[in-house]
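Quick heads-up: structures coming right below.
You will see chain A twice below: alongside chain B first, and alongside chain C after that.
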Partner chain A sequence: MNELDLTLTAEAEETGQSRFRLMLKRFCRNRMAVAALVFLTLLVLSAVFCDRLTPYAYDAQNLLEMNQTPSKAHLLGTDNFGRDILTRILRGARVSLIVSVMAVAMSTFAAVILGAVSGYYGGRVDNIIMRLMDMLGSIPGMLLSMAVSAALGTGLVKTAFALAIASVAQLSRQLRSSIMLMKNSEYIEAARAFGGSDWEIITKHVIPNCMAPLIVQISLSLGSTIMAISGLSFLGLGVQPPTPEWGQMVAEGQSFIRQFPHIIIFPGLAVALTMLAFNLLGDGLRDAMDPKMKR
Partner chain B sequence: MTQLEVKNLKKYFMTPAGSLHAVDDVSFTVEKGKTLGVVGESGCGKSTLGRAILALNEATGGQVLFEGTDVTHPRGSVRKKMKREMQIIFQDPYSSLDSRMSVQELIAEPLNITGIVKGRENVRRRVLELMDTVGLASRYRLSYPHELDGGRRQRIGIARALAVEPKFIVCDEPVSALDVSIQAQILNLMADLQKERGLTYIFITHNLSVVKHISDDILVMYCGCLAEKCECDDLFEHPLHPYTKGLLSAIPIPNLHYKRERTLLEGEIVSPVNPAPGCRFATRCPHACDKCRAEQPAGREVMPGHFVACHRAEEINGL
Partner chain C sequence: MGKYVLKRLLMIIPVLIGVVVIIFTINYFSTVSPAVILCGANATAEDIAAKEAELGIDRPYFVQLANYFWNILRYGTLGTSYIYKQPVLDMIGLRLPITIRIGFFAALLSAVIGIPLGILAAVKQNSVFDYISTILSIVLSAMPAFFLCLILMLFFSVRLKWFPVQGVESWRGYILPIVATGVMPIAMTTRMTRSSMLEVIRQDYVRTARAKGVPERTIIWKHTLKNALIPIITVVGMNLGLSMTGSVLCETIFNIPGLGLLMNSSISMRDFVTTQGCVLVCAFIISFMNLLTDLCYAFVDPRIKAQYKTAKKPPRDGQEPKDGKEAAA
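So, the complex of A and B:
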């Protein structure tokens, strides 16, 4: 028994952390994912502290310095009202990140419940849920978001809701199919043989085993939601001026594209880089969380 | 003492082609502390029988009595009690373990679900005891199943089944996914555990040498029905059912010069979907008569303790 006690104490220090540490180790081995994480962390930090990072206010117009190309004073130049583009991009990140995180949280929450219920129970419940999702899915996502946000009006939460609705159908369908594959596996049957309830089986086996595809999907959705917010704002349905948003900045700059392309290149680049970073992060997380991956 | 009594158990599956009779009217009893071997070819309903007994696939008809309690469709407290007393060891030690859980978590799962051991420290201690019981070194505690070989994985499966201290275990081909040297280890482990704890086994297999090694009684299934059930030695020495004879004559004998009479079975197995009336084996049986094709034979006790489902058992065997 002595050896047993020793191992117990040794284990107490290990458990809980050992797995997370392993995951971290595997994640760090993926250079691109780490770079993406660094980029996103910087983006979040600069979105939070954007007011202190640059000497300009995001809405301060300076008609003497209109349409300036990048210089020392204005690192990314100024727009047609003489506002500093860097300041506006950083401030715009705040909106994009908040709205996309809210939208993805809403759609993931709904999709996990809908997908788990319809995939696990099957039969009539599955049929009803999936036909409803078909109805949602039959309308193009962007059109649906536009219709919903036109009906609800603009505002952070309303825009997030409009975007969430558009992605629920796809996400819940994906979850349902991975759950259906899994529900007939022997380890689910084994858990049932011990008398495990549906709740225990869904929360302990079904959802954890769906985590890898789910996390990749969350990461991808964050990226595409940022794109969609920009799209809505570009069309004037998303974030309203004077609050800057990347898509809206592109919209404002589009009439000057020939003379001053930098006005729309930088906000466009911000959208593209952020999307890329979320995708790379998702890939890295998937590889790190799957214990089947070789160490 | 009779521990398990199965009465006219039926399990039908609805398929697009019709009703598939996976287990059809099977009755038998198992004594406490004994091993019943269930043999038959692939797809004859052995595994379905095991799962129906444990109510993992609830039976379509018939009854399962465990120590006198009806556990055919267990609910509430009966279900809770039953899941602790009756367990299963799965065939495939790869798919029956959740690959996201460490050995420790896997063995702790039944303890947590049933709640028989409470408190983190107690669970941990019990897990280590169980690992010791099944011969898994404690250093594998934090390993994941994919890092271990088949034999060790099956030991995890056995530890999981033992965790709830069952009285009865259905072993669903527990060694058929393992290589021969590991098979022997696992079989010996299971035999030791039976001796120590007085466990009752239903041992499902298609490997006749394994079943001979481990069983007290043997039940031969053919196409969802009982063909023959008797004591192990009796079956190998005096098989009465024509199918059993064919099955036994197919066991390879490692002797080049040994000549024996072979009972070759010809023809195809009948489809278990909407089966025709009559004996399922009639299409392949060398002794089939009109009665065999018209009427399904029930299991009869032709000799003490020796059940055969054949109309002509006495006639063929000169009893």
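So, the complex of A and C:
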């Protein structure tokens, strides 16, 4: 069992509470992390029900109401086509969340396989996989996703794939180091002594025991992926109009920055707040799962 | 030590070869051919085929790849841009100094501000200063680069008119891009310095030093900071490598003729040769900065220096600084 799990188990035995309960209790004590979780829950709900939350359609242009500042009718104002900014931000949340969940799922899947094989087997296999990851890791992430996105073309799945490739190297390295730490643990040895095959040991013991650091990493990756999607869309390589995306909304409002800064400020804040919430959630989860790391 | 450096320098070569193969493969399978963009919307299939033949991109994968490597080895060139019709190496040479200037000063800014802030926050743990600096670093690290650039531009260039909106004709033009590129690294450096200092402050030898009556200043500078430097160096080195390869978003927004803007235009115009050249240079800078970071460890930690003398590479993966130290101990 890794260090993280051992701390929790020891404390759970001491207090007679289940490990999950202990984690939950510790997580709830972190107000910032709870606030982040509430914000993200609301964001997900409003992304799901965005069509019912505002009376406007995200692509309905109203040239009579162009560039309006926030008012009662349009809480966050309208853009240069007279479209309601709040509606577009909520709809953009749906796009950002879907793409980032897809991207993180793809990169986590690849990283779990690569990290597990590399960390568990070691030796030549590890060397080959890690040198490949070194190569991928030497290309700045943004540049790699831009190149892949330009090559594949635009679309939600393609954008997610482009972002996933850029984060595989880092994620698989982190997983590999956690797996290497636990590879020689007694319970892995016991599983081997019971005649478990490598596949069984990796899927039933190694990967489940890496879950704690993995969950923390997933939360942090979701935030950084949302930022990366908005960066790609800002450059015109990610989500394409008329589907609204936060980065793309900022790019569209860029020309009106002098007269109508609100067009870029609200979608920009949406990216920043979401990224902040995922970071706080990640930090909160890490502190809850491993109190020793708490600062 | 010299042997170690030479070995590490040689190890950069296969990484660069791999990087070229990766980026070449991505470009090769691109759904849009550069010929289509060059020939324009009204081009016929024959025009496009002729253009592809002219650019040499109609040849098989391995022939093109071998040709690319042969040109590097035999003639020392990175090809000629499809769009600008200029040697890629010259184009990069013209733009790289601007990007390096911005990147270097941004990384310097992050070290000069981030390290003292992190030290102060750790020394005054749980004080108001600590809370403010922690909150600021969390908030700043969540700021998307493009948003930060536009906000800085809006206030300092458009409203206050202190700095030019675009370009780097004078030194004033550099200020906002340097600040925009430096903000995220400042936040990262502050957080890393704080947590690394806190980890060391809790060690027994610091308690012993305090018990012996060593002055607090000596404890912080001589005992704590020196031992907390490895992760800080890692972050500063990483920031230096990343910011020197240019921020595509920042250079695009401020219209700075650096590597980032060149990469953005070459990727969107499917100028594959230029993209490959730029990525190769970026990968070299990052690998070289990684090597410099590793060498800096040796100056800070004699245990790592001893390890280098046997020409072993310290483990960089995952919890690298900790592992490195443990392995050396």
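In this section, the second predicted complex is superposed on the first by the 242 of 295 C-alpha atoms of A that agree within 3 Å, B and C clash if a C-alpha of one lies under 4 Å from a C-alpha of the other, contacts with A are read in each partner's own complex, and residues count from 1 in each chain.
By our rule, a residue touches a chain if its C-beta (ideal position, glycine included) is under 8 Å from a C-beta of that chain, and two chains touch if they have at least 3 such contacts.
Since we're looking at a predicted model, the values are computed, not measured.
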Partner chain(s) touched by A:264 [first = chain B, second = chain C, both, neither]: second
Chain B versus chain C as contact partner of A:275, first or second or both or neither: second
Partner chain(s) touched by A:72 [first = chain B, second = chain C, both, neither]: neither
Chain B versus chain C as contact partner of A:230, first or second or both or neither: second
Touched partner set for A:174, first chain B, second chain C, both or neither: second
Superposed model, chain A: greater residue contact from chain B or chain C: C
First (chain B), second (chain C), both or neither touched by A:142: second
Partner chain in contact with A:124 - chain B first, chain C second, else both or neither: neither
List of chain B residues in touch with chain A within their complex: 54, 56, 79-80, 82-84, 87-88, 90, 92, 95-100, 102, 104, 109-110, 113-114, 121, 124-125, 128, 138, 141-142, 144, 146, 160, 164
Of chain A, residues touching chain B in the complex: 3-4, 7-8, 11, 14-15, 18-19, 185-187, 189-196, 200, 204-205, 208-209, 291-292
Chain A to chain C touching residues, read off their complex: 130-132, 134-136, 138-140, 142-143, 146-148, 150-153, 173-174, 176-178, 223, 227, 230-231, 234-237, 247, 250-251, 254, 257-258, 261, 264-265, 268-269, 271-273, 275-276, 279-280, 283, 295
Contact footprint of chain A on chain C as seen in their complex: 14-16, 18-19, 22-23, 26-27, 29-32, 138-139, 141-147, 150-151, 153-154, 158, 194-195, 198, 242, 245, 248-249, 252-253, 263-264, 267-268, 270, 275, 278-279, 282-283, 286-287, 317-319, 323
